[in-house]
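Everything below concerns the one structure shown next.
Chains here go by letter, A, B, C and D, matching the order in which they are written, and residues are numbered from 1 within each.
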């Protein structure tokens, strides 16, 4: 039997001259599951697009890609992968129509039913579906014509952790051979039989998932593994008086109670995590702690009220920097009293201290990566000499390496004697970073 | 249903505020209405008692709110006063001119749709290649060529040189194509730009990539996914242009001596015939709001998320 | 580039227009299509009666001729009976379009209707009485002597002749329809004056001057009335159309002079002003010959006209020197430190006034005037204020449409006359004008008119006559021999296309 | 996008040279010369002469000052009023915001040409009135833009961070809010400039704006429409000038829009 995918010597150069892939060779045997893992910018998306024939106009591809028929495709975010103006049924049936075929009677229904989805809901529009279900519908559509190969590009990254497994299981059931593109090494290890590590456009290491995790050989792979938050986590909480103490906080917006009962104590040098799904009230809690809005009930004891004693780190790092300002101005914004030259020097020092010394302090945020932006944002927070830093999903949207760097930086901030609160839906992150993790569910916090 | 009511209530509020502005403008205007009314009745050199009589008749001595309320009351019951120029009721003048303007605007819209879509599709299909450049060029030219220049040229070349169509339009269907085409030229560019943008947005969305990965060609992607996404913004702009055509038609109607509301407005301004100016502007506001409400409803009907 | 894409809908437009043209019925050979700016608002024979004689669906009792005289039209004769009474004898066999005969009774009815409701008639014939004296004769008795009655009866704004019972007229054409866009006329088969040559006439109201001339160029219309001067100039050399002009110049561009204030309160300055204006250059060079050079206040063809307008710069300078205005270093004259400055008002509804004013500015500068040209939206309104202007340009004829010279004179130059806008108060001139009202003998009338011209033009120069305007039309090929009327009687039974003789 | 910047700047520079250098190098645009009427283009008169023998190029240059000057006046006036009104509405909130927003809503709910026609209808035709009238219509979109910019600014992460760091309100406005608003307003204004040029010359063409003998482009076209058949150069000059000016504004606006 011929392999489901055979890529040999594939190089891709974009129109602007960027070389995204350099001589990549890969094979996916029939029935095999290969995960391609890499940091953002490693070329893994280009690889997926090349296999699917979706390279943009003007991109130059050399080498060869051989597939056994047209591959099925599962995209990253099910909501953007489905036309919001069309029904889910249309989305599934398009698998046949786009190939110039007529969907056999009942075939779409059978495909979604096979993944335990409700057939009646096919007449609904995507926004009426949940993300996990919609992604399973996409998987059903990808497998509709029984392709020899299915390409899945970050199929779970838009989903909550407990839905990811469901989706991966569905993918495993419906696909023949599978090529999964992911930044998540742990996910790759769990679901793929073989992992290829992509770095700067080239495959640096290939091997069975277990071996790669246990014994990474290439330095890049080692960095990826090292950046994984250790599941065991749990550091000894440093003893000390609580710096910030919240008791029975509550906050409602109109009829909707966002936070119903939350109590928390944070000491200097401590990192406290708050875990919860979206809509559980964690962002509101954070705003209460940051003093951005007053609680309806409960008490909040804060050490002092000088400006800058509490500083935020936001979810969308790039949006949190003024796009028109050079980064040195953003970093040193809290230092309102100093002259520009002095401030610039401080910014250069600060950048060097977090491994961004190579950046020109006059750069504007538009030219930085998301991870670099987040580090700049943390520098701005630190510059105000805060007693408390509140971080809201500080690593969302970042690749593993960048997320690891940001987490490390937050840890350093805490070690400097600042209290840090991190809220996230990512238990792995919190486990590796925090001294103490609380869970919040429907506005009620449990220790 | 509640949404529709809210929409209508908001439109009514805007209309009310606009009516205050329209009325207030006339109040600010220099000149004595009584003299103008007398002039319209053939009294060129009135004596003081005549002026006083007309002032009393028009209630010019009353307080401003009283006058506004009376004017608004009249407007709501279809009485916008009488033209200072002809002495006829403004509503009669408007009613006489409205069909010609409607005919012109509807024809212009009908003429604009196909070229607008053709340009937009050429641009979206041939993105970054010559068809796109061509369609962008046409759009730019369409937006930059003033309609009065186009109209004058069409009149000279098509009608006078080639003898096709008529110079003095009487507002019937037979005379409509040329002025409608002139009016459409400006709309085409605007619509094509909006449609092209929406098509390109839809074509670069992830769901379009999914469709392509499944084997769809570009044309199929644009037809199946692009069109539904281009419809709402196009409808919104179309509603506004159709409603706003009355103002745009003023220029075209004047060039082609089209007996419509737009030319009536220009004639009334030149003759300082304020009641007619007020009537035309109010009619324009009404048309524009109707267009906006219709576009809003159509957009909502077309998007399941709303 | 743009042609490529616009072609489809242009083609659609063209096809549709072609189809539309094909659908139109072929124009009958003897059907005249006219475009004019002024709309006939209604068929009311009193308020809008003047349109009837202009467009040939009605007639007058007397007819103004192209020689500047008046002659009986629907009347057979008009004779004076003493100081303040006249006998009007009707022509035999005149019929209204309703079929009724125009007899003395019908005439009395219509004259009484005019006397009751027509303000123009009422103010001219206050207290007049009409009595039937024979089957075709009525006697008109007026409170005061009215020497100009023949002209009044020939004036379109006075006695339009209509049947009081049915509202119909006597003209060669019947009104088929009238709306705000057009007037459609058809031949009256029973016209009393014999065969009407045209089958019908369509008069369309097109305010835009460009559109009117274009309509003739494109063949949509045969005659365009009141063509703007701008449009005429561009028609020179266009073989498809011809510009036709009337015999007499009945309209004039004149400057009303503000004699209430300096510097034009001094007759020497006014005379200098008149002498410094080169009317020939204005009419022939500035206006491309679309105006005529006036030699006096009245057309030369009239027996009482005096040729007393001339251009003589040295004489103008002498007068100004005499009046104490001395030239300064920049050429402008001044007296007691005040410059010889005047403001000329042009008015926007008559765009030609602007270039004429600008040209006069240059001409008058040679005599030492400092001229400011102002543009006002309405000529009379601006002149109603006593200040802010010196010369107010305005198109006002010295003759009424019934060739009456007296009424315009009385209105514009008599003390407190309704159109005496410059504040002329000249007892001598008033006396002459009053004398004219009772001057029944032509010789006496002509003498007084010459006297009035001597005072008003030579001695006092109360008005500045600038140029003469001749009625013109733009005619298409089939009407290239159409002769426009000097007095707005555009159509009659003999109006017809020129036939084979001019077809080539 | 580079191309649009280059083309736009080149066109704008051309017009600026025409407008500014015109009076130095060209004959008097308003002085009639009856001996030289309606001459076709020649070395002495590169664009020919008009009905009164005036040099068309000189009138075009003079018209550039009038048309572009008036359009710039409208745009500047509109932008200035809009920024102030929008800023005040965004910061003051409450009844002030409600009042300003209502007026803006109404103005935006009426096509701008109609607003201009209404105001000219009340004040009477004339260039100054037209500029006022079009400014009335021009400020509303700028006000709405500024207001929403100011309103969202309060919750923008960079602003929140600055406020939490103790940066004063005024400094936040000057540093974070206004510069961004300025760029946006500039892009909107550039787009509006093209529409204003078309509207202004269109209404002047109808006789509602500049009055003769002012050499305004639309007015020049109105004066010359009769001469299209016999002297087409009279229309070519102002026609092409309007085209170039509107395209320049459009190109520059495109470029600014892409930068945001």
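Going forward, a contact is a pair of C-beta atoms (placed from the backbone, for glycine too) under 8 Å apart; a residue touches a chain by one contact, two chains touch by 3 or more.
Molecules present, by chain and UniProt name: A = Peptide/nickel transport system ATP-binding protein; C = Peptide/nickel transport system substrate-binding protein; D = Peptide/nickel transport system permease protein.
Please read these numbers as outputs of a predicted model, since none were measured by experiment.
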Shared touching partners of chain C and chain D are B
Could you tell me which pair, A-D or B-D, is linked by more C-beta pairs in contact? B-D
If chain centres are mean C-alpha positions, then the most distant from chain B is chain A
What whole-number Å value describes the gap between the mean CA coordinates of chain B and chain D? 21
Between chain A and chain B, tell me the centre distance in angstrom, where each centre is the average of that chain's C-alpha atoms. 49
Counting only Cα atoms for the centres, state how far chain A is from chain C in Å. 88
Touching two or more other chains in chain C are residues 217, 377
Scan chain B for residues touching two or more other chains and write them down. 141, 145, 156, 160, 254, 272
When you draw the chains as points and link the ones that touch, which shape shows up: line, ring, star, complete, or other? other
What's the complete list of touching chain pairs for this entry? A-B, A-D, B-C, B-D, C-D
Can you name the residues of chain B that touch chain A in the complex? 127-128, 205-207, 209-216, 220, 224-225, 228-229, 302-305
Spell out the part of chain D that touches chain A in their complex, as residue ranges. 156-158, 160-162, 164-168, 171, 175-176, 179-180, 183
Inside the complex, what are the residues of chain C that reach chain B? 1-2, 4-6, 8-10, 12-14, 16-18, 20-21, 23-24, 35, 41, 47, 119, 180-182, 204, 206-208, 211-212, 214-215, 217-221, 377, 380, 418
Touching chain B in the complex, chain A uses residues 52-54, 57-58, 70-71, 73, 75-77, 80-86, 91, 94-95, 98-100, 125, 127, 138, 141, 151
List of chain D residues in touch with chain B within their complex: 102-103, 105-106, 109-111, 113-114, 117-125, 194, 198, 201-202, 205-208, 218, 221, 225, 228-229, 235, 239, 242-243, 246-247, 250
